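What follows is a set of structures for review.
First subunit A sits with subunit B, and in the next complex the same chain sits with subunit C.
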Partner chain A sequence: MSDIHHLVWNGGLNTQIEIDKSLVFMDDESKPLFINVRLPRESYFVLYASSLLHKIKLKLRKDIDEVLPYIWFEQDGSNLPWNIPIGTLHDVMNPRISELPIEAAASSTSILVWKIRMVYGQELPQNHIPLTNGLEQVQKYWMHQWKQACFVLNGTSKQIMSMKMDDSKAFWQSVISRNVDIFSSMSDKIVPSIPRNIPVMVHRQNYMDFISQPLVIPQKESWKTTTLQTVLDSSEYTTTEQNTLAVVCQGIDVPCSILIEELYRDFVSLDGFLHLILQQQ
Partner chain B sequence: MPDEIHRSELLQKLQGRDTIESNFSELFEDILPNEDNLDVDKAYVSEYRQLVKHLRSEVQSRDNELVILHERLTVMNKNMEKINDEIIGSSIENNVLQQKYDTLRVEYDKLVQRWLKKVQKEADKMNEHVAQADNQVESKHG
Partner chain C sequence: MSRIITSESDTDNELSSQPSDLSTSQLLGQEPPEPLVVAGSDRSITMERKLELYSRRLSQIGLADKDDSSVSSASEQVVKTPTEQAAPRPIVAEKVRIKFIPIGSIPAIKPSVCKISAAQSFAAVITFLRGRLAVSHVFCYINNSFAPSPQQNVGDLWRQFKVGEDLIVSYCGTVAFG
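Here is the complex of A and B:
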């Protein structure tokens, strides 16, 4: 596993979560309740919902199991869908580091805090997948993502479908326990040495509903000449504004001249996709 | 090797990202997925679980009570509105009746005055006749 992938997997975010007042015992004049936690970039919000509720369980108005299906996270009123990795959600909703004032970014006394809300309600937001089967549903969704990624990479989902039950469990457990070595050893069984296509998801800054999955095929049948720029050129949604767009992946700007295959191998997310965010320069 | 240059550039950027994003990370608690606070004392947990269960049911019943009271308040407010409307209607009616009463009163007073004048006239006439008759009787005897 490369140093870069290690950094990608171990990236974390200082997060301040404001708890919805209707979830806890407090009157209208009480100060809002906050939880300060460090969340990993490479995980799903939904995996931490129960742990977060446990931290305030004595203040909860209802049982954790009762509220869990009706919980979601949002920033500035926009839902943060649980089915997208945390780091990607952060990068979609916030300016990239290179855009911050230099003195603020470089100073050792400055602090970057992602402020979000944990919301409770019977009416779920439109782009929220209802959780009816708890973590089992999350696991199935994640496995489904990998099946898609596997099909794009190999032209078949055989590699993941024929995975041993124990391996399949260990693969999911590596996501839960955040064990990068097991994760890499399992994902290596799926990602071929010469992929057929590359599974990419393109997001747009501040648009939670915009997700595009362009077809990334090798140029002249070789990945040695297929760069991120080639992918952007073949995407109809960027042609008109390419010069004004920056491509962000895992919180950093990535140069368009980089080979897409290498970018994928180093920056692939926990769901088998390479998540790219288009931000205004 | 352009890719090696890219890799070292990306490595540097990721390290820079981590330096910035990890500043004061000690203020933020690390969290595990599906954490159930297993390290907490079991006796403490069972004691507080009981208490919380009791308090939650208490809150539930108070919440229900609140809902009922809110409904009652809504009905009462509607009744109040109805009564207010009735009061307004009644005072308008009262005003109209008062006006009618005042007009009738003036008319009645006028009639009484006229009637008194008439009766006075008749009485005066009668007195006159009586006085004339008395005078005639006296002159006959005289």
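Here is the complex of A and C:
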């Protein structure tokens, strides 16, 4: 595993979460309740929902288990789906660092804080997958994402479906416990030295519902000449506006000349996909 | 941009040897980002596209009506839903073929091969199957292997995982491939 992937895995976001007033005991005139926390980019919101609620359990109107299936996170009124990695959600909903005011981006005394809300309601947002089986459902969803990525990489899901039960559990536990070494050792069993195709998901800035999955195949049967630009060129969604788009991956701008296979190995997310965000320059 | 749902209940229960059209089923629950519905005559298709393009242009210049609105014609009912989260996908008239294969005791649907707009999300496929089978939930798998996310685009899945010209979707009443 490369140093870059270690940095990616350990990346975090300073997050201020405003708690929905309907979740806690408070007067209408009371100040909103906030939780300040640093969340890892490479994880899912839903994995932290319970521990966040524990921080405010003395103020909760209902039991944690009772409210867990009915909470979600949102920014500026847009749902942040739990099934997309936290870092990707941040990059979709926020401008690039290079676009921030100079004083905010460059000052050594300022901290960038992502401000979101934890919302509670019986009527879930449209793009929210209902959680009916707790963390087991999250694990299954994550495993199916990996099976899909494995299919794209190898042309079959055999590598992951034939994984030993202990390995499979250790793989998931590495996500929960954030153990990059175990995660890498398991993912190395799935990602071949020469991939057939590369699993990529393309998102658009400010469009939470837009997920495109382009077919990323080697140019002239070699990954040595297949760049990010090649992928963009083959994407039907970007051909008319490529000159005005920047590509963000794991929070940073990536040059279009970079080899897509290298980008995948260094920047792959916890679900086996390379998440790219197209933002306006 | 707007989302359009079309219902043509007459065709839903027909048994036919020809591929059926998923977009003719009524879509409930999670809706696709921008389904392009082909129903009725070519003229109605053109009108629908024109309306959609017009709506998109209005959105771009900030004049779009954020409230729900509906438009209906003699042959079909078109319901527009809020536009704020619609994605900048191009209008794709392409349709892709899906072959449905039952697993276990769940009944087979006829015809087993259906056509769906490439712009639909996989949630539309799940909703279609639930409606056809009259069940509250159904588990779907691509190539007897994995369950895609409901937000994933059917056209993307077809391009990535098609076998011949069909996307193979197996379905089951219980978990088949954990």
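Note that the second predicted complex is superposed on the first by the 280 of 281 C-alpha atoms of A that agree within 3 Å, B and C clash if a C-alpha of one lies under 4 Å from a C-alpha of the other, contacts with A are read in each partner's own complex, and residues count from 1 in each chain.
The rule is simple: a contact is a pair of C-beta atoms (placed from the backbone, for glycine too) under 8 Å apart; a residue touches a chain by one contact, two chains touch by 3 or more.
Quantities reported herein were computed from a predicted structural model and do not represent experimental measurements.
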{"item": "Clash or fit, subunit B versus subunit C on superposed subunit A", "value": "fit"}
{"item": "Which superposed partner A:83 touches (first subunit B, second subunit C, both, neither)", "value": "second"}
{"item": "Superposed arrangement, angle subtended at the Cα centre of subunit A by subunit B and subunit C, nearest 10 degrees", "value": "70"}
{"item": "Touched partner set for A:37, first subunit B, second subunit C, both or neither", "value": "first"}
{"item": "Subunit A: partner with more touched residues, subunit B or subunit C", "value": "B"}
{"item": "Partner chain in contact with A:58 - subunit B first, subunit C second, else both or neither", "value": "first"}
{"item": "Contacts of A:189 with subunit B and subunit C, given as first, second, both or neither", "value": "neither"}
{"item": "Touching partner for A:207 - first (subunit B), second (subunit C), both, neither", "value": "second"}
{"item": "First (subunit B), second (subunit C), both or neither touched by A:21", "value": "neither"}
{"item": "Touching partner for A:97 - first (subunit B), second (subunit C), both, neither", "value": "first"}
{"item": "Least C-alpha distance (whole Å) that remains between subunit C and subunit B when both complexes are overlaid", "value": "23"}
{"item": "Of all residues in subunit A, those that touch subunit B in their complex", "value": "3-4, 7-8, 10-15, 25, 35-39, 43, 47-48, 50-52, 54-55, 57-58, 61-63, 97, 100, 105-106, 108-112, 135, 176, 250-255, 257-259, 262, 266"}
{"item": "Partner subunit A, residues of subunit C touching it in the complex", "value": "30-31, 33, 85-90, 92, 142-143, 145-153, 156-157, 159-161, 177-178"}
{"item": "Subunit B - residues contacting subunit A, complex", "value": "2-3, 6-7, 9-11, 13-18, 20-25, 27-37, 48, 52, 56, 59"}
{"item": "Subunit C partner contacts - residues on subunit A that touch it in the complex", "value": "78, 81, 83, 126-127, 129, 140-141, 143-145, 147-148, 151-152, 156-157, 161, 197, 204, 207-215, 236-237"}
